[in-house]
Amino acid sequence: MTPIMSKSTAAELVVSARIRRGLTWAGIAEQLGTPVVWTTAALLGQHPMSAEQADRACQLLGLGEEVAESLQLQPSRGSDPATMADPTIYRFSEALSVYGPALKALIHEEFGDGIMSAINFQVDISRRPDPDGDRVVITFDGKFLDYKW
Amino acid sequence: MTPIMSKSTAAELVVSARIRRGLTWAGIAEQLGTPVVWTTAALLGQHPMSAEQADRACQLLGLGEEVAESLQLQPSRGSDPATMADPTIYRFSEALSVYGPALKALIHEEFGDGIMSAINFQVDISRRPDPDGDRVVITFDGKFLDYKW
Amino acid sequence: MTPIMSKSTAAELVVSARIRRGLTWAGIAEQLGTPVVWTTAALLGQHPMSAEQADRACQLLGLGEEVAESLQLQPSRGSDPATMADPTIYRFSEALSVYGPALKALIHEEFGDGIMSAINFQVDISRRPDPDGDRVVITFDGKFLDYKW
Amino acid sequence: MTPIMSKSTAAELVVSARIRRGLTWAGIAEQLGTPVVWTTAALLGQHPMSAEQADRACQLLGLGEEVAESLQLQPSRGSDPATMADPTIYRFSEALSVYGPALKALIHEEFGDGIMSAINFQVDISRRPDPDGDRVVITFDGKFLDYKW
Amino acid sequence: MTPIMSKSTAAELVVSARIRRGLTWAGIAEQLGTPVVWTTAALLGQHPMSAEQADRACQLLGLGEEVAESLQLQPSRGSDPATMADPTIYRFSEALSVYGPALKALIHEEFGDGIMSAINFQVDISRRPDPDGDRVVITFDGKFLDYKW
Amino acid sequence: MTPIMSKSTAAELVVSARIRRGLTWAGIAEQLGTPVVWTTAALLGQHPMSAEQADRACQLLGLGEEVAESLQLQPSRGSDPATMADPTIYRFSEALSVYGPALKALIHEEFGDGIMSAINFQVDISRRPDPDGDRVVITFDGKFLDYKW
Amino acid sequence: MTPIMSKSTAAELVVSARIRRGLTWAGIAEQLGTPVVWTTAALLGQHPMSAEQADRACQLLGLGEEVAESLQLQPSRGSDPATMADPTIYRFSEALSVYGPALKALIHEEFGDGIMSAINFQVDISRRPDPDGDRVVITFDGKFLDYKW
Amino acid sequence: MTPIMSKSTAAELVVSARIRRGLTWAGIAEQLGTPVVWTTAALLGQHPMSAEQADRACQLLGLGEEVAESLQLQPSRGSDPATMADPTIYRFSEALSVYGPALKALIHEEFGDGIMSAINFQVDISRRPDPDGDRVVITFDGKFLDYKW
Amino acid sequence: MTPIMSKSTAAELVVSARIRRGLTWAGIAEQLGTPVVWTTAALLGQHPMSAEQADRACQLLGLGEEVAESLQLQPSRGSDPATMADPTIYRFSEALSVYGPALKALIHEEFGDGIMSAINFQVDISRRPDPDGDRVVITFDGKFLDYKW
Amino acid sequence: MTPIMSKSTAAELVVSARIRRGLTWAGIAEQLGTPVVWTTAALLGQHPMSAEQADRACQLLGLGEEVAESLQLQPSRGSDPATMADPTIYRFSEALSVYGPALKALIHEEFGDGIMSAINFQVDISRRPDPDGDRVVITFDGKFLDYKW
């Protein structure tokens, strides 16, 4: 028996097919009718897709059933440290290192003792035009969960 | 000669005075006329304040000149790993570990090869009411910087 | 101004007073009317207490107001790695290392894609008599949170 | 000579076959007559199975003898750090980081100087219905071992 | 209130007093009627002593009550990595790194799936005269615990 | 040219053959006339065997010349951290973390400034029957080496 | 479908072809009309090349289209720790460890609170003849970015 | 006897005095007649100063003899990891991580097998006006040392 | 195109051929007319060989051109941590951990502020007969480089 | 009771006194009649001194009895990682990383399976005049210990 293709292999094929077919992540998301950050994350292996979503994505990308099967797998989430050191990703970590304690203080001030959920959670990204250079705007939107015994 | 008070000692005094005087971070920011995340981060030691800002903050908090002097120091930025493991802060790191590669892919798709600046950058936090439980909304807004030789 | 006593100093005083007064954690919890694991964790610095809880605890322990003030502080949660290596605590980490992937698989099977909350969460401990040697029974009880965009 | 298949390869095949055959872990455990967490952990490589258990499991999963041979191997136990960072598993580690010292204190108070065994030990998982959202209930049940010279 | 003296401070005083009084660890153990490795470990902070043992030890060493109080504390066990790198201690770690997998294989062969307990456990050390140079003989003697569900 | 088989590949084949042939480590050692811990460690790759020992071992195990060639290689000794975290091996590390400083103190007291050699060194393992459960007895026996300039 | 060749495989082929064809990095850069450090970094996988640049480079090196395709990929930037420990590269890290805080102080003195961009950034290397031994001169030239909210 | 003041304490006093007296690092360097990066690094504890340099610096800064004594000490060089994570310093590390292998390749191409010395070495920093925003220019200038047996 | 063989593969083949042909490192060095430590290090991948040296070495070892090509490659120097933990290599690290600060102090006393070069550097090894057991004598001989601005 | 002064405090006082009295390490060693590297290492806390050696050293340095008492303590040997990163010490580590596997190969070739003792061991340092710049010569001389069961 062949084991189900790993999600990292599937992601590698998705990335290759996307480039060769000249598709955009945004375009794929639009075709699937799913949010763009969620879709990109799912195709890179961080969320399981439904059978329909996986089939539709593979059809768009010209990929076979073994990729679609993999995209439906329950993932083991997270990225390896080497990936997190890439400058484009590192800037987020740096911002957290600078603003994390302030965000904690303000979450507690506004909501009490608890956290912003990273599970009941969504992320969006947009471009904000600015005469001094356009800006990347990322929004983290998570349900507040209070420490409740 | 006494050395200038360290920013961590100053932050400890700021936190203690804020609690004892019953002030909020938002209230202090409003009094200073500065954004709330910036103000909180600066008082916790991550940004230098101007002499006026530092004096005004210490007046509000009933703290002496040696704290105001410290608040104006150029900081060595960043938080220690123990602090970053606190659950309220960790959720942001976890979200980055899950969505970081997707955000990188989408920044490159929309803007080309480059990064979101963590320097020409601002953060905001707000509460979004939701019948299923209110939500924490954090916005990261940074200038796009393209790799330019 | 004296800064508020750190939660680790407060915990050290709580531990010392508890031993010298011959009190038990269970007894203190009973007096406070709060669950025993929550109470012990709070007195060791992992949860903020209300003013009443803190005052009542300090009264029982013969500790002063500066300890009560500290017990109400919002904590930065977590334990340092040296503490986690103590054999009594390490056995839990070992069990997670052995059973963690199985628990993940079973949570997904029973509940779908999501996690057991560590925030909306409670822990209990009890002794189960057994002729072959009594048993420690620890129950983790957390709300299921599904990945919801 | 071909070496015996590694337990990680066997686990990969078990996972793939389970999904493709539409079996549940609970169903496999029931068929084997073994506890569900133990069974899942054993099939993922953390416990050796008896020849009968391994053969029966492979028959259910449509896997060959080389998998059954591997499932009987004495394992080298434990999970790699990347796996432990998956959010579903991490929440347990976080809970231990918050409640570990309290559990240690309460074990010593109730039982004296010693540990909860992670060897003479069993884990169970169940769903507890709750109007505010169902709950995951995990029970760790280990024999108390006292430090005995 | 003064907190109870930490076990590391107590150990430092024990070591200093032992040297200045010209006592041996073996002699102290003999006086206490306790095994020599256990006694040394307990005085260095790895085991709690009974009140009688602690008082008797402090009397021999000319140390005060605050040391005796500390010696009775429940310890957080383990040594820091810097200490473990000392050559005299490192040789044991090296031997484990070379012979650990062999010992694991032989324990499983002789006893089945399980471990040698480090809790129901004792250590002894002796000198074995040898014409080629005397030998250090360390015996680890722990109860076998089998994986039992 | 084919490179000589790595000692880890050889060990994997030895382990597989031993199981399939139903041999014990003790039995192999007896056949070779070599101590059991040494033999097991050597077959797992931690000691070089003589040509005769390697040939004899491979004959018993039904393995070819390329394995015998590998068993004679000078090893790079040591085990990887993942292996050392297996519970059966970890208990030894834990015992060292608890008793290491005591053993150091007692070695210095009895022998002076120096170490127990891990080179001029032997390990033995035996079972000691005990009505409360049989015990694993491990003996480390190494020549004392004093710091000598 | 074959995935696009990884940038590390492409770099390995570039390095091999460069040596076998007797080309220099400087010569390749001259042929491409691009700066030498940028070109070398891009061919080693740290910058995406345009289709023209990639095709031209592969033509010079006698490499096929699959390499050219890889050279155009958006990279995940950064080098692994083993590479950074090579003595030729380590000297730069050492210099930063010695002069980093001084450079930080001088950047703040001359420019205010901010950083030298590593994105809007170029590096050059040259040889400066010196009777006591020629010198390597590396210039880092990055736009100043001030902390701007 | 009082031990000589540590270089980190001396640096703290230098920094405090410099701010309070309104001196610049460049101004101090000019007064001492020494290069500005060297001077700043030396005052921050990375190079020993001559007695004259140390006395002259302390006179300018209004610091006592015990600081001057410390500035002459032979340093143990290097910065701690927390400092190296400050964004202003981190950008240099990031640039090395991206361009390090390219610089290594070009040093070997131009000079042969060897390194740029970090000992026979100097650093300079300057501002280069640019209509798009001024630039920080850092020059590393080190003697080439070839691997010579 | 086949990439040039990696230096680690080349080293593996060199080691295998050396054993099978019954050659010694010293004998190979003598044939090449190069110092023995340098030769061994170069064949293990730490120094580039000239074309003649590489060809001559491969001829002695019966290895092909693809190995000779690899031996001429510019290496990325250094050994991985697992290798450095082998007892025979670790003893050197231990000696440095014990004597490093003393050697630093004595280098500064005798030569002033600077280092012993590890580039303009040679190592030799010899056997010194001793009635109490022969001794390994290793000599490190490097040019002194003073901190020179 | 005052605990015995720690060896790190004693070393700090020794270093301060040595500088203020204008003594050299070599001079102190000569006065004590002990080898210079041993003496420096012992005064820095890596070897216990005899009472006479300690008294004589303290007399030369003008230090009190509490230092002499500390110098006789049995040390916990080794240096912290920050110290080992100092460039003067790091060069030795780098050399080991480059030549360690070669030295291992040559020790095994010349002596068989075993190690160079780091206990029955001495180090010497000398200056070798050279027209191209004087050289630091370090000799490690340790007894060979063969793996002997």
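Here the chain labels run A, B, C, D, E, F, G, H, I and J in written order, and each chain numbers its own residues starting at 1.
Following the convention adopted for this analysis, a residue touches a chain if its C-beta (ideal position, glycine included) is under 8 Å from a C-beta of that chain, and two chains touch if they have at least 3 such contacts.
Because the structure is predicted, anything quoted here is derived from the model rather than measured.
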item: Chain-contact steps, minimal, separating subunit F from subunit C; value: 1
item: Equivalent interface to I-J, taken from G-I, C-F or C-D so that over half of the residue contact pairs match; value: C-D
item: Pair exhibiting more inter-chain C-beta contacts, C-D or H-J; value: C-D
item: Averaged-CA centre spacing for the pair subunit J and subunit A, given as whole angstrom; value: 54
item: Distance from subunit J to subunit F - Cα centre to Cα centre, in angstrom; value: 33
item: Centre-of-Cα separation between subunit E and subunit A, whole angstrom; value: 50
item: Subunit B-subunit D separation of Cα centroids, rounded to whole Å; value: 42
item: Residues of subunit B whose C-beta touches two or more other chains; value: 76-78, 83, 85-88, 94, 97-98, 104, 108, 114-115, 117-121, 145
item: Chain pairs that touch, as defined at the top of this document; value: A-B, A-C, A-D, A-G, A-H, B-C, B-D, B-G, B-H, C-D, C-E, C-F, D-E, D-F, E-F, E-I, E-J, F-I, F-J, G-H, G-I, G-J, H-I, H-J, I-J
item: Complex contacts: residues of subunit J adjacent to subunit E; value: 1-4, 73, 75-78, 80, 118-119
item: Subunit A - residues contacting subunit C, complex; value: 35, 38, 47-48, 74, 76, 104, 108, 113-115, 117, 119-122, 145-149
item: Subunit E residues touching subunit F - in the complex, by the definition given at the top; value: 24-26, 36-37, 40-41, 44, 46, 77-79, 83-84, 86-89, 91-111, 114-118, 121, 123, 125, 127-128, 130, 132-145
item: Subunit H residues touching subunit A - in the complex, by the definition given at the top; value: 85, 87, 90, 94, 97-98
item: Residues on subunit I engaged by subunit F in the complex (per definition of touch); value: 12-13, 15-17, 19-20, 62-64, 82-83, 85-88
